[in-house]
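Beneath this line is the structure, given in structure tokens, with notes to follow.
Each chain gets a letter, A, B, C and D, in the order it is written, and its residues are counted from 1.
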Amino acid sequence: MKEALDGFREECAVFGIWNHAEASRMTYLSLYAMQHRGQESAGIVTLSEGQHLIHKGLGLVGDVFSEDELKRLKGRASIGHTRYSTTGQNLLANAQPFHAELLRGPVAVAHNGNVVNHKTLKSKLRSTGAIFQGTSDTEIFLHLLSKSQDIPIIDALKLALPTVDGAFSLVFLTQKKLIALRDPWGFRPLCIGKLDDSWVVASETCAFDLIGATYVRDVEPGEIVSMDDDGLQSTFYAKKETKAQCVFEHVYFARPDSKVFGISVYESRRNLGKLLAKESHVDADLVIPVPDSGTPAAIGYSQESGIPFEFGIIRNHYVGRTFIQPSQSIRDFGVKIKLNPQSEILRGKRVIVIDDSLVRGTTSKKIINLIRNAGAKEIHFRIASPPTVSPCFYGVDTPQKDQLIASYRSLKEIQDYVGADSLAYLSMDGLYKSVNGDNKKFCAACFGEKYPTAIE
Amino acid sequence: MKEALDGFREECAVFGIWNHAEASRMTYLSLYAMQHRGQESAGIVTLSEGQHLIHKGLGLVGDVFSEDELKRLKGRASIGHTRYSTTGQNLLANAQPFHAELLRGPVAVAHNGNVVNHKTLKSKLRSTGAIFQGTSDTEIFLHLLSKSQDIPIIDALKLALPTVDGAFSLVFLTQKKLIALRDPWGFRPLCIGKLDDSWVVASETCAFDLIGATYVRDVEPGEIVSMDDDGLQSTFYAKKETKAQCVFEHVYFARPDSKVFGISVYESRRNLGKLLAKESHVDADLVIPVPDSGTPAAIGYSQESGIPFEFGIIRNHYVGRTFIQPSQSIRDFGVKIKLNPQSEILRGKRVIVIDDSLVRGTTSKKIINLIRNAGAKEIHFRIASPPTVSPCFYGVDTPQKDQLIASYRSLKEIQDYVGADSLAYLSMDGLYKSVNGDNKKFCAACFGEKYPTAIE
Amino acid sequence: MKEALDGFREECAVFGIWNHAEASRMTYLSLYAMQHRGQESAGIVTLSEGQHLIHKGLGLVGDVFSEDELKRLKGRASIGHTRYSTTGQNLLANAQPFHAELLRGPVAVAHNGNVVNHKTLKSKLRSTGAIFQGTSDTEIFLHLLSKSQDIPIIDALKLALPTVDGAFSLVFLTQKKLIALRDPWGFRPLCIGKLDDSWVVASETCAFDLIGATYVRDVEPGEIVSMDDDGLQSTFYAKKETKAQCVFEHVYFARPDSKVFGISVYESRRNLGKLLAKESHVDADLVIPVPDSGTPAAIGYSQESGIPFEFGIIRNHYVGRTFIQPSQSIRDFGVKIKLNPQSEILRGKRVIVIDDSLVRGTTSKKIINLIRNAGAKEIHFRIASPPTVSPCFYGVDTPQKDQLIASYRSLKEIQDYVGADSLAYLSMDGLYKSVNGDNKKFCAACFGEKYPTAIE
Amino acid sequence: MKEALDGFREECAVFGIWNHAEASRMTYLSLYAMQHRGQESAGIVTLSEGQHLIHKGLGLVGDVFSEDELKRLKGRASIGHTRYSTTGQNLLANAQPFHAELLRGPVAVAHNGNVVNHKTLKSKLRSTGAIFQGTSDTEIFLHLLSKSQDIPIIDALKLALPTVDGAFSLVFLTQKKLIALRDPWGFRPLCIGKLDDSWVVASETCAFDLIGATYVRDVEPGEIVSMDDDGLQSTFYAKKETKAQCVFEHVYFARPDSKVFGISVYESRRNLGKLLAKESHVDADLVIPVPDSGTPAAIGYSQESGIPFEFGIIRNHYVGRTFIQPSQSIRDFGVKIKLNPQSEILRGKRVIVIDDSLVRGTTSKKIINLIRNAGAKEIHFRIASPPTVSPCFYGVDTPQKDQLIASYRSLKEIQDYVGADSLAYLSMDGLYKSVNGDNKKFCAACFGEKYPTAIE
């Protein structure tokens, strides 16, 4: 129950396909499947007879593309992108993929992540005459490519990428191949799949499931994978860094039916709930999730604790992106339009409420209040992740540090603020165990761990 | 997982409010909360300075009404309607509420249900000169009212309604009052609520929850309730029939967080699952729902059987109303765009799959197939209602009898058709127990019980 | 230069076609050609396999209909309608054609005109149970038809129409034929044409020109013409009244390339200018029109007087229906957005300015002011019609009497108000001569002649 | 009667304003007034608190901008652009103004014209790393500016512009000033005006008339004019070339009520007609224009020859940009939808038909045919400009040389092709006289005169 209210927000999905008779349509469907990763804009670039065909627009994938538009986007290779809402005007100028005509021919790029040293890089590029049209950092990659035009593109990438700090899972389409690569830390996911004679790459495997592709493996941190009619080629452009894969993908961002960093998201979320139950057990009558984001963890909590799982709050899935606000007269309207607690289930009960994370606390406060008004006797609030105390600089839209309630209030103060009878977070140790990894593989900077890169 | 695929479809929601400073806005929000009952068209009529103001349009509530339009719809009383997709052209002519200028002044009406003897009534009305503009049966009520214009409207209703057979939960707005009534059988729901000094009526209580109103009671079958500045007045226009409230509201139509016919829908669905577990137990590793419609019953099944509940199928809630179909190359695409089974959860497991009902069987067959491909070892399909064998004539859109698989195939044949390892339905007895009623209170004609009225 | 500013406004165009393979497309194009007669809404009804197919919408013909919609509107017979902007909400409910399912089958009607005794007729119909859905008077005709359903429709029309006072050029589409008729006075035009094996009827002949049909004759006042596969049949339902054809069609409403009441509009307008020159000659250097409505009369004035014709004011034809107003800072903006006087032509000149009519005077005042500022030395304003002193009740949207400047101000006062150096209108005699008719054939009630019917 | 059919097409309008409280609104209205110069896209950039605010879109000015959008475009300085339809996809990427963040701050540019050596310049820029996002040549100017960032922008322009060949009337908006400049030949127009305390620049003076600004003078060929709060500053960046102002602006492109290159367009067009009458007199009964483009010349022809002027062809101004085509069954439909000859005027007459130019001849052939069918006895076709024999490379969309009928057919052959009884063009001498200039001031390359620049 996070989007648009009070939470972290994923910023993009990328996709690519090589050698498919309906390349633009497969891209469209895959973006559709990854719509949760970005709802502001969508775009597709195809390769047709040596030229790039492009369509981008503001809005949901289903609104941006029409049947006619997909028919116009001919070609057997294609990349696509969806983007989350960001501040600022001129949004269309920031819609991806970006495209440019270089001396080597047309190049298009779709980016999930965020370049940390973008100011330094942009001002260096500007001083040599580069022009930036949008405010996005993704244009940097095209400009870097244009600096060494006489060598093969893979070599040009190997030359350019070591100067870039930060998170970048990238998909390129050129006149001759599809290229997929990840930064040396592997912040954001990127998977390789196979669909008959086609290669596909996507941010999440749920895209593969929809189009009937099979998951092969992840693109590795620091790896450049290029796909063309001669098959798949791999090379590494950077020495192996300590992996720093975003653990919040498992906490909240990814679809539960995706495999991310090779691990089932649903399973890791259920694990988060199980370990939470072990760490902070409390006697109660019911375990209920804040749907949908808290649901898998609540199931895990119930399984571990033996306390019955119920949907004590019903989520209205018919809520569109926009609706007209009522006057101020309806209290907590923003939460009520989506979530409706059920007094028949809750009245007189001791309830454990599971949410995936707690960011500002404002939404949690309203939810706890609604549950209280529905008649719950005790409310034990359990968060299936540790306290979020630091902003992210790697492609996630997070509030400033001083908006993160756990960065300036004690556990007891937060419990009082949201109005729960008890409050507990998962430990860092529990978090890492849930994704059956050790702490060496993940970035958990938002939970107070060290930032893997320098920050400008 | 029923809409647009293979199921029964609810056809309308109605709403009314008297004496509220933001009457049209409250109506808008309430229709928004009841969007699941009808997505083809939406309309609102308000009473302002003795005149009716009207806006109707095709599409979702959020698309039909703009801020400007709601501002134009002034007045302290209002009624509204949403309508499900039906066949035929000229859909806007069938959008409700209907409005007419009678000798007694403006009258508007919103209708949930279906008049069974509409052909007879329409042709009788036509022979005395009545003109029908749409193909809907709802216009009948306005024409009946226009036949006796010299007497108070409540008296006119009492005179006219006994000639009408079928299902009608109606909300009228006149120049002086808001009127709510139900047919003598009480097929479709209609609830009364209170919001400070305002009276409200709605098809489901989830509308009350959103706008902060309190549920008072149902309008009774055969009762006419009129609300105006003198308060609420009740009268009965028909002798008490045996109640025939639509049990399918509890099986599938209503939102789980609504109270329908005075009973919590979530609780009755959980009961359906519990009784299903008692009646047709099977050893298994997991209980999984076909989300979202099978979820509460699956929770009940798990609680009763002790077999763990999991989300073995993930539903993509970002699916919009329209998207572009792929070529034929993607098998079972229509189901996959919404439902994605998880092999990590299902592989090698004996799985009990719970759905709310089974109509044509075509969707179930695809779902079972997807689960099988995800690696489930055994699939035990359990339906949380009895076999649907007869079409409905009381305001629900159902396939013809020869499309209802249970009407022409044996249990074993259906099991083979959908590809399950075992199949069981709930018994009629279990169904009635779940809604803690006896069989005297409900219509279960679609399950093969007697039609409560004559059918033309 | 009248629309939306300060003038009389035509209220409708009607069209019908029988026996054409592309009936809806021919209707669409004909409405397109008659767009000047109504820009608020457009609608088409076709007859396909005994059923009526309908599409209506708000806006210009080109916006209301898509290729897909026209394809859906199958059938070899069709009627259509465009409607001018009127006040009041719920405009779509007033869009025509109207359609009803009568005992005799589907009947649709399109109406140009206005029923003078509509209040009496509506209240009589209401007292026998009729329901009116819009505020238009056109529904009356369908209700009258429904009163005598056992006799052939032509007989029913003959029975009903004598009770109706006012202006009505009507086109009906039934299950079996296309019917066209005019009121006994013949207020509004209606022409019959032939297109290969198809019959067509239209408000103006410019529609015939576009689709390649040949003008045959007018429907006569009081005549009912029915067209079906047996050909054309004619009958008269009323004794011949003195003709009262709207002379303002020739002054302003009709397209100049149409023939109306059998007379070329362009020629009659040029005649108006010639006779104006004879009646009110003045020495000057230039004759300029207020474009486009004053152009043909200005050409006539120039030919008769020998004074050179120039476009001293240029009209911007790219002006759309809506644009965003500037702040108050731009004086006379409403006129300037369309009309731009040319100082190179006007500076130091004695100018005769020709407009077709003068209604409120507010626009004329602005135009004269603009011309003066462009440097004209003398401005002689000449109106190619007599003073408008009475409102119209026969299907034309006119201001109230007290808004018609000539009804309460003297010639000299009007001249001073608009700021001209001299002002002259055409005489009534000149008006009648211009349409080469005697005064027996025309209604000129707006110019102060007797109203042809009683007025409620 | 040229657009979309068979003619030359202007490609852009530019506008700029400095120091106005409603800068974006004045830009909007001015673009509205110059809509005839480009209908594919429109855009506005404003300067607000040191930042650029941007909105661009496809379509007419009135459709691209809403009230809300104009309110968002705050600031006291603004530039704008409208663009004609060109081939190729990704049209939005070519919409202007272009904007970039340079080291010196934000710079936006709007361009009317065409860079002749754009291939050379682009490939030189690309080889130093420049990236081009659209296919337009206008991006070149921003890239050139980014090459010398340490010096004042005027100096940078002086350095860069001498490398650019071709036509460019440019308007720049920076953080500190508004800059307007023309290429050394002065191909395309650009005027300076004053509106109270604001400076304005526009392609045509009709924009000034609408917003109430006063024409001051033209920007001179080779001149850079910069406007800021210190007033207007002028400098020349190029030695004076022989002027080569586009004479076709006077023949067809500009609005007749504009002053272009300091000359009234209406007057020059009337002169074209007068000289045409002198050069190729013929006895006839009527002079008629192909409206609207041939109208001023026809008035001049009539005045000179004494033969009466009439509107023998009526133009339907309600024709929108899009309408649905009929089947093939309507002959010459594309012309008939706009032009309707009047047989009442033409029947039995010897007619002189005046058009502004003759390009492919296909439209003329249809028009002559329609006039013949309307009954004209003799048709003398007179073209108010010389034969067009060469394509334009200076910002005008023209057919290839082999599509220009006069480049490969004799006068007699063209006469036979269009079906006229006689045909005459204006002489080059007559053309130059009409714009009261000598041949030194104008580019007439399309009429076979020398191209003023080298062509790549």
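Just so we're on the same page, contacts are C-beta pairs under 8 Å (C-beta built on N, C-alpha and C of every residue); 3 or more make two chains touch, one makes a residue touch a chain.
Computed from a predicted structure; not experimentally measured.
Student: What chains, if any, are shared contacts of chain B and chain C?
Tutor: Chains in contact with chain B as well as chain C: not a single one.
Student: Any chance you could name the chains that touch chain A and chain C both?
Tutor: B, D
Student: Taking the mean of the C-alpha atoms as each chain's centre, how many Å separate chain A from chain D?
Tutor: Chain A and chain D have C-alpha centres separated by 49 Å.
Student: Return the distance between the CA-based centres of chain B and chain D, expressed in whole Å.
Tutor: Each chain's C-alpha centroid was found; their separation is 61 Å.
Student: Between chain A and chain B, what is the separation of their C-alpha centroids in Å?
Tutor: Once rounded, the distance between the two centres reads 36 Å.
Student: Which positions in chain D touch two or more other chains at once?
Tutor: If we look for residues of chain D contacting two or more partner chains, we find none.
Student: Which residues of chain A touch chain D in the complex?
Tutor: Residues of chain A touching chain D: 53-55, 72, 89-90, 92-93, 98-103, 123, 126-133, 135, 139, 142-143, 146-147, 149.
Student: State the interface residues of chain B toward chain A in the complex, per the touch definition above.
Tutor: Checking each residue of chain B against chain A gives 22, 25-26, 28-29, 32-33, 35-36, 60-63, 65-67, 70, 206, 209-212, 255-257, 259, 264, 266-267, 292, 295-296, 299, 302-303, 308-311, 314, 316-320, 322-324, 326-327, 329-331, 333, 336-337, 340, 342, 344-345.
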